[in-house]
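Alright, structures below, take your time with them.
Shared chain: subunit A. Partners: subunit B in the first complex, subunit C in the second.
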Partner chain A sequence: MGNFVLRQFNLLVLTLFVLSLFSFSLAYLFPGDPLTNLTGIAGSEQADYQLLNDAFHMQGNVLQQYFYYLGALFKGDWGISFSSGLPLTNEISRTLAASIELSTYAFIFSFSLGIPLGFIAGLRHYKITDNVLLSVSVIGYSIPVFWLALIVILLFSLQLGWFPLSGRISLLFDVPLKTGFILFDILLSDLPDKQEAFYDALRHLILPTLSIAIVTTAIVLRITRRSVIETMNSEFIQAAYARGLTSRQVLQHHGIANALIPILPVLTMQFTTLLTNAMIVEIIFSWPGIGNWLIQAIYQRDYPAIRAGMLAVSSLVVILNMSINIAIRLIDPTRGRLEHATI
Partner chain B sequence: MNSLCVPLLTRKNYLPYFLCVLLLGGCGDFVQVENDTKGIIYCSEGSPTGFNPQLDSSGTTVDASSHQIYDRLIDFDPVSGELVSALATSWMVSDDGLRYTFQLRKNVNFHSTPYFTPTRTLDADDILFSFDRWRLAEHPFHMVSGGDYPYINSIGLDQLISNITRLNGYRVEIQLERPESSFLANLATDSAIILSAEYGGKLKQSKTKDLIDSQPIGTGPYKFVSYRQDRFIRFLRHDGYWGEENKTEQLIFDITPSSSLRLAKLITGECDVMAFPAHIELDIIRQRKELSLDEKPGLNVGFWAFNTSKAPFDNPQVRKALAMAIDRDALLEAIYFGSAVPAVSILPPTSWAFQGDLKNISYNPIAAKKILLENGIEPGFVMNIWAMPVERAYNPNAMKMAALIQAYLQDVDIRANIVSYEWGTFRGRLKQGGHDSVLIGWSADNGDPDNFYRPLLSCPAIKYGTNRAMWCSPEYDSYINQALQFTDQEERAYFYAKANELLMAEMPLVPIAHAIHYQAYRANLTGLVINPFGGIRFAPVEKN
Partner chain C sequence: MPQFNLYQEEFPPSPLQVTWQEFKLNHIAVIGLYCLIFFVVLAVLGPFLAPFDPLQQHIDSLLIPPSWEPSGGIVHLFGTDGLGRDILSRVIYGCRMTFGISILLVLLALLIGVALGAVAGMSRGLRSSFVNHLLDSLMAIPTLLIAIIIIAILGTGLVNSMWAITLALVPKFIHQTRDFVRNEVRKEYVMAAKLDGASKRQLFFNSILPNMGEMLVVQGTFALSIAILDISALGFLNLGAQAPTPELGAMLYKGIEVAYIAPWNIALPGAAIFLMIVSINLVGDGLRSALRSRLLHS
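This part shows the complex of A and B:
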């Protein structure tokens, strides 16, 4: 086990190293002055610029420069955004939290809907319920998320007027930033109209969450269904029936655990797909997350922001993947490698 | 299951049913769309460059600062267009028109914010501080944020004022180089705001002078709270405001560059007011009963000018005949889609000097043909019409308008060629007078009629390139100059009426339309009035 963790950890460090190298090289690949691209401080601000020039050892060779860049990254000094003039560390932690929040809720939603539906479909496979669920899930995961998001807005916001179409919360509520998760921030805050703010934030959450979750729900449903069919057809289940257990008992004691454990890794891996989907949907719902922020940075040619944003997102995805691997290994140590599942 | 979920169920609408189950208790509160009545959200079109309209006369910056954070000595009444008192309760003009004395309002509080707590109310020092900032190069704040004051420099206000003196704590005297009756109107424009001298002193002491334009302090109805670029601007009600009390606690600018997204937010109630509805979206707004669309003729004019320095357009009879040959109502319909009012003079109806009883020249091709023949214009005469290549509020499609005029002229046996160049070249060649006639227009910056009469048709304006008709009449110039020597509006209006009479007789240009200014907001809002003289004003706006 220790060996495995060590191996994963090595892999993580290596990947992060490559990522940091890439983000550093972006400073040279983007047009303009590399130091300006690294820090966001323009050459015209002479005094600061000179100081930074020394701090980043821009006179030294590229390796030295990279070393000092890495140092700055670890210190949390990611540079300053061209367009807003704010430290990127703050901007990224704020927007990234918003994206993670959205993805987490969508992920919980997908699991709590996809797994039970997958079981229903699997247990009644090749019957009408199964066929209906299966066809719906095909539609679900074939729909492009951005298109679904637009349809959802058209229907629920513009036609029916039930839900707002932009942002995390009405701007009338000035929620102080603590955790970066809006629902928790509201609960922690001392706003006079806390309950209203909470409801408002929930109303803002529903449509984007749904738009992202539908695709993942469909995938979860299909993976679960397949695993349930396989498990229920296996010999130990037949044996359990032969011992006279009721269907319910069989499912509870043997079915659920045996169907779920093998697919758990594949399911959790969906989180990274979901995060990328979330970044697309954010733009449509004007959700102040990292996807929206990065697109703005690209429009405005905010090179330090593009560099830092890319580094933050890719590091997050890499770290998440590694942690999931390790967690799964802890839950099910018998597994040598990830099992491939089909959907 | 609460009451709101039940009707949804009976409609066999499964998704809402599912949502209701999911969210159980909250459903009722969820399906309320209106945001609460304590705040107003304005979907604005872009991020301001700062919070000081002295430095930037663009509409976006002005909207975000001029009438929200600051006040002026005097204001335009947005409805009547007259000058009304603001921070100055009264003003006196000396007989020679060179000295203006302003009596300041007492007990006017500046904003008290986390970054500044005022210890005194507004006095003469603040007026001196604010005006000297753009007037005097040696002022400690003159060079802060670049030292460029575009609007004030362009109307020459900095050159016009020779001195400002403090007579006592609440009296200020402004001396001018020469009399100019549009001076008061210029003091009411968006850029002539009053800053806090005390705040300036504090920033100077802490060596953070730059903050004066990004963390503003003023006397206006709202105080600045926070701003995040491309996201929002947050204002709070200024509780010690000298003007009328307002129950709106918060004002928020939700920065939304896309016009269709602004409209969508207006429909869902995420915005209460939206900036610049697109012309094609106007019908959508009109159809929805929860939305209101206000319209008011803007301070602009679109016209067809003849080059009076060229024969035969130097003949007023020919110009009048050409004016009779076109059907302006049809042009209005085809070009502005009804979003403009027909123009009878160069002055729009929103101006106080607008003359309501002016007779318009009517469409009469037969009479036009006759007059043209009488004046030696043979059938088959060739002329050109220059049409702007760009879209402007006063003329959204000059090329199409030129094509229509071409057709009308054909009816009176005149062959017209349409000429257009790239916008920069177009204006350059126009200044040189290469055209026979041109379709162009003018947008004014303040409600003063001089802002129309002088640049459009006075003799010196030929040199500056704003007199597109190349028309110079000493008689006309004397009228508009005399008008400026009087401060009484009735006396001035007399001279402008004289000028109008002359224009009707001479017809150097054919006024076509005053394009309409639109404002869309939710119907439960009261007090929002279109301000044709500049930035939007939220001071009297409340939600019911």
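This part shows the complex of A and C:
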């Protein structure tokens, strides 16, 4: 076990090293002068340029520059955005929290809906219930998420007027930023109309969460269904039936755990897909998350922001995956190499 | 008396025929296949089928609803957009563009991925394990995110987004090929060929590659649906195909401007993407379960 954790940790460090190397080289890969890309100051005759040239260790060789960059990263100095003029560390932590909040709710939703439905479909497989659920899930995971979000807005916001169109909370409420998660911030704050603010935030959350969660729910359903079918056909289940257990007992004591444990890593892997979908949906709902922010940065050619945002998101994804691997190994030490998703 | 049969010959169906027989039993998958064939025909014959030029602007007929609406006309079957362009023609050209480009990208990614994956799968030792592990952990990053980063470097545009998606698809193929090759190398028929003195190159091309076809077709269909989703997503984010190009994602993006008064501008291109992906997924699922039940029954 210790050996495994150590190896995973090694791999994590290695991957993060590659990512940092890549994000460092982005300054050179973007069109134009590297220092101009990093600071936005053009023209080498300006005094500022010389100053910054020293500050970024540009006159040194590439290795020195890289170590300076790495040091700055660890110090929490990720650079300054062109468009807002604010330190990127603050901006990224604010937007990333908003994205993680949205994805987490969607993830919880799709798990709590997808797994039970997957069990129902798997237990009644090749019957009408199963066929209906399976067809719905094919539709569910084929819908382009941006189209779904637009249709949902057209239907529920514009036609029916049930939910707000965009944003995170009505502008009437001024919630102080503490954790970055809006629902917790509201609960922690001392606003006079806390309850209204909470409901308002919830109403803003429903549409984006739904439009992301539908795709993931369908995928979770299909993976669970396949695993349940395979487990329920295996010999130890037959043996349990032969001993005279009722089907309820068989499912409770033998079915659920054995069907779920092997697919746990594949299911948790879906979080990264969810995060990407969240990044697209954020733009449609004007959710102040990392996707919205990163795309704006690309439109505005805000190179420091692209560089830092890319590093933040990809590191987050890689770290998440590694921790999932280790957690799965703790729960189920028998499993060897990680399998990759099949729907 | 019927024809005299000296040798009681049986003709067992080839694996491909068995797969097709299993596939035919799944009616939904067959419908998906017909739908896919329809899109292929649309992509090939698009210019002959489209009633108008996709860029031609009919200034006297802006935002005409589709013909099934009370105020719609028969000239423009799917209506027109804010600039008076015929949506049916644009959707046909859009399918041609999105679908055709995606097939091209998947084939390219498949070629690169299989080549690299074969090298990774056949080689042993520290270097290969190092590269493999790194690849695995980098594969956790979703394709669209990789594509967005590559676009940030290359700049926006259709061709750049094509490169980005190709590069983003390659790791999955490398991974699949590598795992497959690893598993096959241990099997006895490969060992037999090895004992006959086959070189690594011959082992791969003569023994392993012929067995890989089915795996590649199944993986290819899934990669195709990812490619279509990604290329239209990039078009939608205005990072891929730019405005006048009839690409389905870019059409959706332009449709938002008139979404409230002319919802068919986003409903129809989106429905085309959706139908394409559904049919591809149905065929992919059908193929996979056909292969699975072929192995179970034989």
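Some observations on this one:
Just so it is clear, the second predicted complex is superposed on the first by the 319 of 343 C-alpha atoms of A that agree within 3 Å, B and C clash if a C-alpha of one lies under 4 Å from a C-alpha of the other, contacts with A are read in each partner's own complex, and residues count from 1 in each chain.
The rule we apply is simple: a contact is a pair of C-beta atoms (placed from the backbone, for glycine too) under 8 Å apart; a residue touches a chain by one contact, two chains touch by 3 or more.
Quick caveat, the model's predicted, so the values are computed rather than measured.
For the composite obtained by overlaying on subunit A, subunit B and subunit C can both be accommodated side by side without a clash. In the superposed model, A:L202 makes contact with subunit B only, not with subunit C. Counting the residues of subunit A that each partner touches, subunit B and subunit C differ, and the larger count belongs to C.
In the superposition on chain A, contact of A:I120 is made with neither subunit B nor subunit C. Touch criterion met: A:D174 reaches subunit B, while subunit C stays clear of it.
Shared-chain residue A:S83: touches subunit B; no touch with subunit C. Judged by the touch definition given at the top, the superposed model places A:P164 against subunit B, while subunit C stays out of reach.
Looking at the shared chain after the overlay, A:V318 reaches subunit C, while subunit B stays out of its contact range.
For the three-chain arrangement built by superposition, the Cα-centre angle with subunit A at its corner and subunit B and subunit C at its ends equals 90°, in steps of 10.
Shared-chain residue A:Q296: touches subunit B; no touch with subunit C. Once chain A of one complex is fitted onto chain A of the other, the partner contacts of A:L191 are absent, as it touches neither subunit B nor subunit C.
Superposition on the common chain A brings subunit B within a closest Cα-Cα distance of 5 Å of subunit C. Looking at subunit A, you'll find residues 158 touch subunit B in one structure and subunit C in the other. Those residues of subunit A whose C-beta lies close enough to touch subunit C in the complex are 11-12, 14-15, 18, 26, 29-31, 135, 138-139, 141-147, 150-151, 154, 158, 269, 272-273, 275-276, 279-280, 283, 294-295, 298-299, 306, 310, 313-314, 317-318, 320-322, 338, 340, 343. Put simply, subunit B touches subunit A in their complex at residues 16, 19, 23, 26, 29-31, 33, 35-36, 38-39, 41, 225, 228-232, 234, 250, 252, 254, 256, 261, 264-265, 267-270.
Residues of subunit A touching subunit B in their complex: 83-84, 153, 157-158, 161-167, 170-172, 174, 193, 196, 199-200, 202-203, 206, 286, 288, 296. Interface residues of subunit C, counted against subunit A in their complex, comprise 28, 133-134, 136-142, 144-145, 148-149, 151-153, 155-156, 175, 225, 229, 232-233, 236-239, 249, 252, 256, 259-260, 263, 266-267, 270, 273-274, 277-278, 281-282, 285.
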